[in-house]
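Okay, structure first, notes after.
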Amino acid sequence: MAKFQPLADAVRDNLNDGDVVAFEGFTHLIPHAAAHEAIRQGRKGLTVIRMTPDLIYDQLIGMGMVKKMIFSYAGNPGVGLLRRMRDAVENGWPQPLELEEHSHAAMANAYEAGAAGLPCAVFRGYRGAELAQVNHNVRSVTCPFTGEVLAAVPAVRPDVAFIHAQKADRKGNVLIEGILGVQKEAVLAAKRSVVTVEEVVEDLDAHPNACLLPNWTVGSICQVPGGAHPSYAHGYYGRDNAYYIAWDKIAADRETFSSWMEENVLNAGPEVFADRVGKLRSAA
Amino acid sequence: MSGPAFTPDEMMTVAASRALKNDDVCFVGIGAPSAACNVARLTHAPDITLIYESGTIGTAPDVLPLSIGDGELCDTAVTTVGVPEMFRYWLQGGRVTIGFLGAAQLDRFGNINTTVIGDYAHPRTRLPGGGGAPEIAGSSGEIFITMKQSLRGMVERIDFFTSFGHGEGGDHRQRLGIETKGPTLLITDLAIWRPDPQTKEFTVVSLHPGVTKDEVQATCGWTVKFADHIEETPPPTDLELTTLRDLKARTKAAHEGRPDPGKAA
Amino acid sequence: MAKFQPLADAVRDNLNDGDVVAFEGFTHLIPHAAAHEAIRQGRKGLTVIRMTPDLIYDQLIGMGMVKKMIFSYAGNPGVGLLRRMRDAVENGWPQPLELEEHSHAAMANAYEAGAAGLPCAVFRGYRGAELAQVNHNVRSVTCPFTGEVLAAVPAVRPDVAFIHAQKADRKGNVLIEGILGVQKEAVLAAKRSVVTVEEVVEDLDAHPNACLLPNWTVGSICQVPGGAHPSYAHGYYGRDNAYYIAWDKIAADRETFSSWMEENVLNAGPEVFADRVGKLRSAA
Amino acid sequence: MSGPAFTPDEMMTVAASRALKNDDVCFVGIGAPSAACNVARLTHAPDITLIYESGTIGTAPDVLPLSIGDGELCDTAVTTVGVPEMFRYWLQGGRVTIGFLGAAQLDRFGNINTTVIGDYAHPRTRLPGGGGAPEIAGSSGEIFITMKQSLRGMVERIDFFTSFGHGEGGDHRQRLGIETKGPTLLITDLAIWRPDPQTKEFTVVSLHPGVTKDEVQATCGWTVKFADHIEETPPPTDLELTTLRDLKARTKAAHEGRPDPGKAA
């Protein structure tokens, strides 16, 4: 049953050194505030999973918290590469980074399989793609009716999933709307979950088929207005595209990165996020 | 050609937009494909269905998205589905007629690399990776590719097969059991290319206005094959050019704003 | 691209003798009007698919139109058995009926696989269940990661799917809400599709993530108010439970059944449905 | 016992309702299980999550549904999902603590038949079939069964294994690789039964008020095993009985209405 708690407590209770963790969000609703809290708590040796690792994974990697990353597209969308991740992969700074790389279709199916309690996902994919040769977790099964060879990947089953959502009601039922990504799957596939929300309301007043996580499927709920910034929350505030563009320069240099992290993450708290989205609210 | 009324980049986008039909269902890659697809929608193909991998179906953005999941895409979509459904029902389900991709490295058979430069295990440059491309390349009815020509981009051998085009050419797709057509069109800033019916090697069929064969060869890392009869790509019309420039101007205004990535930036 | 047409034309254009056809609806939104039109047109030798064949399949079977039925629960829910179907299975009247029987999980997964363009569905099921021994279309695949043996069934790929939905907009985009069943999957899995709707509106005014079939995924759209009766349409009219209870008697006897079909189906048209739901509208 | 204040049927439903806990997630079969689950919700387990296979999650109907997909279930649900998702994410995903089933035929090991009476290929009576039961029986944490006792229903050998209980008993589930507990409780109109820890044979552990061992044996087709120490089931409380009767009265009023199945009926 969902427990309402401050973000620092939720991260402390749910994320341990060495965990397999997914901070999910597909451009929309990326849980930046939760990742920053994890950085402040200095967890180590994490295996991080995400379809589209972008800024927060660049930050986790740059801070030396990540041992392995399972992913399908690691870029700053529309801007360029992830410079901290490149530095880890190409130069081993601040530590080497093991990669398990998939396609989006494989990752989406793997989350679906995780939510569905299956050991693996089966789909038509990877044909002629070289990832199937470098990733030992791309295998195959044969359709027992047609003989077609289909791709198989292991289900994603994180120790803990962090997502950001629009709102929760007082009972802890969580509503996600707009671009849904794989957030519902991430929570259902994970052993534990933490959901940051823009607001807590009396009644979700949702469509009968709205994407919703009932309170008994969610571990912790933390109210963190603006908690997705510079990503966005449909109906609340727009994406801070300028911030994404600016990140490219910050991440380009180790020292610039470190001092930026010091000032904006290590010496800050979840409460800074509400201010950051102030001027973006009209754009939502 | 002195004082061209349009840039090679604009010609590329306009030529790419023309390849799309009103009844196409197009899975849109980010960057150049996104501009071309939306110019098509705003000119000759108003009913085209544009799908982005974020789950937005039938989207009609007023400004180009920076990412594949900007709010604008959802706000203007007919509907938005979860990402597993997007890849299962919509892409794998065979509902996409055109997959439109960009490339970091491309070879003459339409094979694409967006994964690494150098060795996979010890790359010189770690690129973002394939994202949706491996299955877009396999499940879309056909594939259009658009990229600016350069010796670094159009290469004899790509460093990594992120997504499969025609492999070694010929019937390589069929031999792997892939039933879709694969790459059927390449639009660069200099020319329009189509695969040879037999060998599947990309062949220049049209040069953009003022472009020479030598210019095409000078910016391509393999020995270019030219069709016996080469057309000249019609230049952008006023409508096409105005539509593209207005779209870019709206996009620039929307994306710029004041950057505010914290105090130390 | 969706074509608006009268129901009789849509059935004539899309349903042929010998077709594999799904009239789907899971208690909610069962396309009764479409099935009655198929009965009037007298199609023969059909293979009918449905998770929960109830009254309309009892009627199709009793009218001698069905060669084979693929299903997972054939009952009059909460009332009892399907007496026309029993008569066909037990006594071969009016003709023998071949059955391919699955569990709900298998059928739901098979529709999902059909919509997903896969040749088969893979799930954890049928363990110790005897259906796996009598149905040759229940097979297995082995997870290449864990060695777990999972069930596999062929994807459902009907020639044509009929569903009923709340509304379409003038462009032909179709909205379904409430209990969703497998209707979206049925249409996406089928080669052709016919959707009857309660009404055609200017703008669906739907939630961003509403269950929706874009116009290019739908074959024909026919406006048939009340077209789900005695099933129901969420937001329009309630389920006619009394009708379901009364059906048990009508179907109990071959002659009663035949004369009821003559009067209420063969000599009627789609327009009768609007009247039938009149008094149920307040209950919706 | 003269003038009982409650019927055996009411005792059965109330006893079944008591087995459910406030934090259970219960996949509700239709008929007797539905009444029991909702009495639990309206008395001691207000926060119980009731799931019906129509996709309705966390439903709180004011009247009992006739089918598993009445509008009342959706109207009062926390959310409603598609049926594929219901079976994949919610049942197969291992989120259901109790699967609550009825049965046409039951054996002493909790195996259930709702498919055919007689031979499968040439049945004497064709029953509706399994619906959700085969996977409810496999994927729910544990299974509760409720049915009225009769020689026709509780049989030495069921005609068809629609859903697997404990098979031949003992560790048969484990031998098939099924990790869930299977049937842990049977509530009839006469008694409460639990499987023997070793053999898994259903054993009477409690007799409803006024019921004798002979009555239980007379309506059961196998030789009944009775526990060494047999309890007496506490009779329904006023609250339980009022809640159940009010629910049934509301349901009757809602379902009856005037039948109008056409002119010739």
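Note that the chains are named A, B, C and D in the order they appear, and that numbering of residues resets to 1 at the start of each chain.
Here is the rule we use: a residue touches a chain if its C-beta (ideal position, glycine included) is under 8 Å from a C-beta of that chain, and two chains touch if they have at least 3 such contacts.
Values in this document were obtained by computation on a predicted structure and should not be read as measured data.
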Contact steps required, at the very least, to link chain B with chain D come to 2
Per the C-alpha means, the centres of chain A and chain B lie apart by a whole-Å value of 27
When centres are defined as mean Cα positions, the distance from chain B to chain C in whole Å is 41
Multi-chain touching residues of chain D, meaning two or more other chains, are 74, 80-81, 88, 92, 139
Among all residues of chain A, those touching at least two other chains are 112, 116-118, 123-124, 148, 178, 180, 185, 208-211, 234
Contacting chain pairs, sorted by label, are A-B, A-C, A-D, B-C, C-D
Within the complex, chain A is touched by chain B residues 30-31, 53-56, 65-71, 73-74, 80-84, 86-88, 91-92, 115, 120-121, 123-135, 137-139, 160-164, 167, 172-173, 176-178, 254-265
Touching chain A in the complex, chain C uses residues 116-120, 122-124, 137, 139-146, 148, 150, 152, 154, 177-178, 180, 207-211, 234
The answer for chain D against chain A in the complex is residues 23, 25, 49, 57-58, 74-75, 77-81, 88-89, 92-95, 139
Touching chain D in the complex, chain A uses residues 1, 112, 115-118, 173, 185, 188, 206, 208-210, 212, 214, 216-217
In their shared complex, chain B is touched by residues of chain A numbered 26-28, 51-52, 71-75, 77-79, 81-82, 85-86, 89-90, 101, 103-105, 108-109, 111-112, 123-131, 134, 148-149, 178-182, 184-185, 211, 230, 232, 234, 238-247, 249-250, 256, 259-260, 263-264, 276, 279, 284
